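So, here's a batch of structures to check.
Two complexes, one shared chain (chain A), two partners (chain B, chain C).
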Partner chain A sequence: MATVQISEAEKLYVVHGVRDDLRVDGRGCEDYRHTEIETDVVSNTDGSAKVTLGHTNVLVGIKAEIGKPKPMLPDEGYLEFFVDCSANATPEFEGRGGEGLGIELSNTLYKVFSNKQSVDLKSLCISPGEHCWVLYVDVLLLQCDGNLFDAISVAIKAALFNTKIPKVRIAEEEDGGKEIELSDDPYDCVRVNVENVPCIVTLCKIGHRHVVDATLQEKACSVASLLISVTHKGLVTCVRKLGGGSLDPESIFEMTETGKRVGKALHAPLMELLQKEESLGSKRQKVGFLG
Partner chain B sequence: MAVDMRLPAILKQISLSGSKGAAASLVVPGDVITTDTGFMRGHGTYLDEEKLTASVAGEVERVNKLICVRPLKTRYNGEVGDVVVGRIAEVQQKRWKVETSSRLDSVLLLSSVNLPGGELRRRSAEDELSMRDYLQEGDLISAEVQAVFSDGALSLHTRSLKYGKLGQGVLVQVSPSLVKRQKTHFHNLPCGASIILGNNGYIWLHPTPMQQDEEAGGYYTSTEPVALSDREVISRLRNCILALAAHKVMLFDTSVLYCYESSLSHQIKDILKPEVTEEVVLQTRHRLADQEG
Partner chain C sequence: MPPVDRRRIRGPDESHSPYHFVTEESMKCLASGDRRVDVSQRGPLDLRPIFARCGLISQAKGSAYIEAGNSKIICSVYGPRETERKDETDMKSGRLVTDMRFAPFACRKRGAWVQGNEEKDLSQGLLESLRPGVCLHKYPRSQIDVCVMVLESDGPALSHAVTCASLALADAGIEMYDLVLGCTVRHTGTTQLLDPTFAEVQDDQSGASVDSQGTVTLSLMPNMNQVSGLQSDGVMEQESIKAAVQACIEGCFKLYPAIQHTILKTVRKKAPPPES
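Let's look at the complex of A and B:
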């Protein structure tokens, strides 16, 4: 994981600041940094989004491909995750340096997103037991400045919202075989229902309090953090503890409550923004990577 | 709880109307600087079919017959006498390696620091063993460039009481080209905090010390919590510096102070929102232009 080195005195300053509810950048303990979201940034994907959270920058692309459903769940499609840690983000990721972090991230994302509660997997089924849509979610880390999980989850939700899966029809052939027919109209497509897709909130324990959206510097001051995925209704779908330190049950309870509150509040502005962007359509001036 | 989500917008560079730019000496890669063959080829230039061409974006510098281009976006190139802020990267025998955002790590020799107990103390073997007690990995120091080696690495010294280990405060990192060279880089700002504008683009913000504690020789750091009012000033200054840097305004005491004053009508955390940044920086620029006349 990308880390920064900071001195003991700086740590003390950060910890005392969190205690006073005034962080180094002037935020309170439950404030997010300035977030910018843009969807439809990569033309050769079915759905994509780029999220900038302070100096953390992630790009998510989703490709829909036809595959075979898993034998245990014949009438459901599934999602696959791959996280690429670009050496642009930090030199530590060079070569195979980012592999460990990438696997850790993609495993967590799989747990959070690839289930019936988050995404309507049944809608991804084409013909039970034979064909289904597989959504390949590729995450690219472009810049790391802490709070990767939250940024990635927002980006995935935005990209899923943006995903357009072409409509297909099953045609019976004369000899009894089946054939998949793709619609001729490229605009004839279905959308993924993202209503129940959760967002991840990572809470870092610093001193006796906890903060959301920790920067790398703040992360260096914390020994343990709690990752909570929350849906728009405030339902917690996944909890994971990260870091080597310990948390007492009382603070886990407090952190979960904060996480629920913050996570719930995250969805409304995100959906509003996505809908607004969608309504602008092609009139919107694309910023992409050079803005 | 506050979430500020929005669509990205293209960053507009604010320019004051009627400001005179030194555009004549600015070049981008590929620009022909001169076709005269009488000049010597310096750093940042190359010869392309007898024409002297720029290989980096920056300012053309001419010393007699030598033409160089000083790049604007660059790592820190140290010069003797510069004030720098750096982070200890490694403790070695008789020296510390210091990260100063230059191409190579700088060195701070044990013989070029002030040890507690007076200037004229001999450095013994014990001092060498207890180097980590003075400065350990991750610690921040302010120092002056003593010498530049042939490979561009810097040798630092802290042989003055104004240099040494830094205590509680905030480090802001900006491009080294944005720090204006001045007579002094240590300022006690009237808003209630102190600032060290390192020439290497590392800027240190800290609460103004009550009294100069000279006995510890700069190795004592206070563990007293910083008052909330001081924290607010420091956080505001930090965001102001980042706002100025985002719009490529030169950083020195006056510009930072003007920006601080223009930002007072906004909340600290709002300064980094693009529209507030733009407004604050524009006001600062106007005031700086007025002052210049």
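Let's look at the complex of A and C:
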């Protein structure tokens, strides 16, 4: 992971500050940095979103393609995740340098979405056993300043909300073959229900307290972090401990409680924002990448 | 696209196991009364009996083999040896490299020889679990290789792999703060099953709409009471996770005497007490 070198004195400063619920940039332990979300930024995709969390910049593009369903689950579609750490973020990611981090991020995303409730996979089925929608979720890391998981999960939720899957019909031909017919109207599409899509909250243990949305500097002072993905109902889909240190069982319980509380509170404002953005329609001023 | 292995002859891509075409009835996780459905007739919070031995692989510095029910896992440790790359962090402390692989015949579905994403994920989980336990600052500029091979997997393999790797590290004489033991709990609705088998983990595919079901794998250092690894799958309430973590911790404590006994036996064999 892109890391910063930090001196012992700086570490002490950060740890003492966190102890008094005051972080380097003035936030409390459970506050997020300034977040900007914009959807529909890439026109070639079926859904896209860009999220800026502090200095972390993440772009998600979703493309829906027709594929063959998995043999064990013939009446469901599926999602494929791929995270690319662009060399724009830091020179460490040049060539294959970012591959390790990218694979770790995609594996965690698979774990977070690997349950029946997050995305309704049955709605992605076209004809059981033969055709289904495969949603390729491609995540691009443009800038890296800590807390990648949170930014990626918010971006995926926004991009899924924005995804418009074309309506298809399976038509039987005279000779018995099946043909896929696309509706003529380009605005005739199916939306994905993102109500149950979870959001990831990463909590870093610094000293005896834990912080939400750690910057790279704060991450360098922590020994271990806990990643928890929470749905809007407060259900937890994935918990992972990250980092090379160990955690006390009591800390784990405290961190999961904080994570659940913070994660649950993320969903309502996010959905409100996404719906407001959508309701602006074509009158919306697009900010794009240099706003 | 997954990496393609050109050295080994694989069957056609479209081949399937005949078991896919058998409709399995959804198995209740607790058969009658309190006992579990698998052969061992153990209670829901009982571990499978463990067989553990060290020192199987003569070439390796340390090695261990664990059998728990039908799960068979072997681990070998090489090192400490010189690192290939020398960057600044390596000057102060050593590096632990973990590699976890499944034999192609280990699971129900035939796996590929080339390491897939899941194996990389498990190797990362193994590294995170073992890292806090090993005194890496005592091995600067060195690297310790831990290679785990799952020969047969009946239930989540990561927890047994962590235990096996700790045993192998102890056999290799690598200095550690404490043994790291792993345990898995399968949580379905209100029942908790410690050390689940493959069938017990799979019972959610039947579509029985249980709101809260998941698997929690935990790695614990018993003497220091520190959790070094935690992973969970599935959808659960936060209280269920808390209960599952507590059950895992108790499971690790139950496992500890057996592992300790194995190590003592190995030490006695390697360096028999002097005959007075």
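The rule is short, and it goes like this: the second predicted complex is superposed on the first by the 289 of 291 C-alpha atoms of A that agree within 3 Å, B and C clash if a C-alpha of one lies under 4 Å from a C-alpha of the other, contacts with A are read in each partner's own complex, and residues count from 1 in each chain.
What we mean here is this: contacts are C-beta pairs under 8 Å (C-beta built on N, C-alpha and C of every residue); 3 or more make two chains touch, one makes a residue touch a chain.
This one's a predicted model, so the numbers in the text were calculated from it and none came from an experiment.
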### Task
Could you check whether chain B and chain C clash or fit when both are placed on chain A?
fit
### Query
Touching A:S114 in the superposition: chain B (first), chain C (second), both, neither?
second
### Message
Taking the superposition on A as described, I'd like to know which of chain B and chain C A:E181 touches: first, second, both or neither.
### Response
neither
### Task
Considering only the touch criterion stated at the top, classify A:P269 as touching first (chain B), second (chain C), both, or neither.
first
### Query
Touch check for A:H34: first (chain B), second (chain C), both, or neither?
first
### Query
Just chain B (first), just chain C (second), both, or neither: which does A:L12 touch?
first
### Query
Thinking of the overlay built on chain A, is A:G245 touched by chain B (first), by chain C (second), by both, or by neither?
second
### Task
Determine, under the contact definition given at the top, whether A:E94 touches first (chain B), second (chain C), both, or neither.
neither
### Query
Between chain B and chain C, what is the tightest CA to CA spacing in Å in the combined model?
9
### Task
Take the contacts of chain A with chain B and those with chain C, and give the residues found in both.
none
### Task
In the complex, go through chain A and note every residue touching chain B.
5-10, 12-13, 16-17, 19-20, 22-28, 30-38, 50, 52, 261-262, 265-266, 269-270, 273, 276-277, 284-285, 287, 291
### Query
Along chain A, where are the residues that touch chain C in the complex?
71-72, 103-104, 106-107, 110-111, 114-117, 226, 231, 234-249, 252-253, 256-257, 260
## Note on the structure
Listed in rising order, chain C residues that touch chain A in their complex are 16, 20, 117-118, 120-121, 124, 128, 131-133, 204, 211-212, 214, 216, 221, 224-238, 241-242, 245-246, 249
### Interface residues, chain B side, partner chain A - complex
1-11, 87, 89, 137-140, 166-171, 221, 223, 225-226, 228, 231-232, 235-236, 238-239, 267-269, 271-274
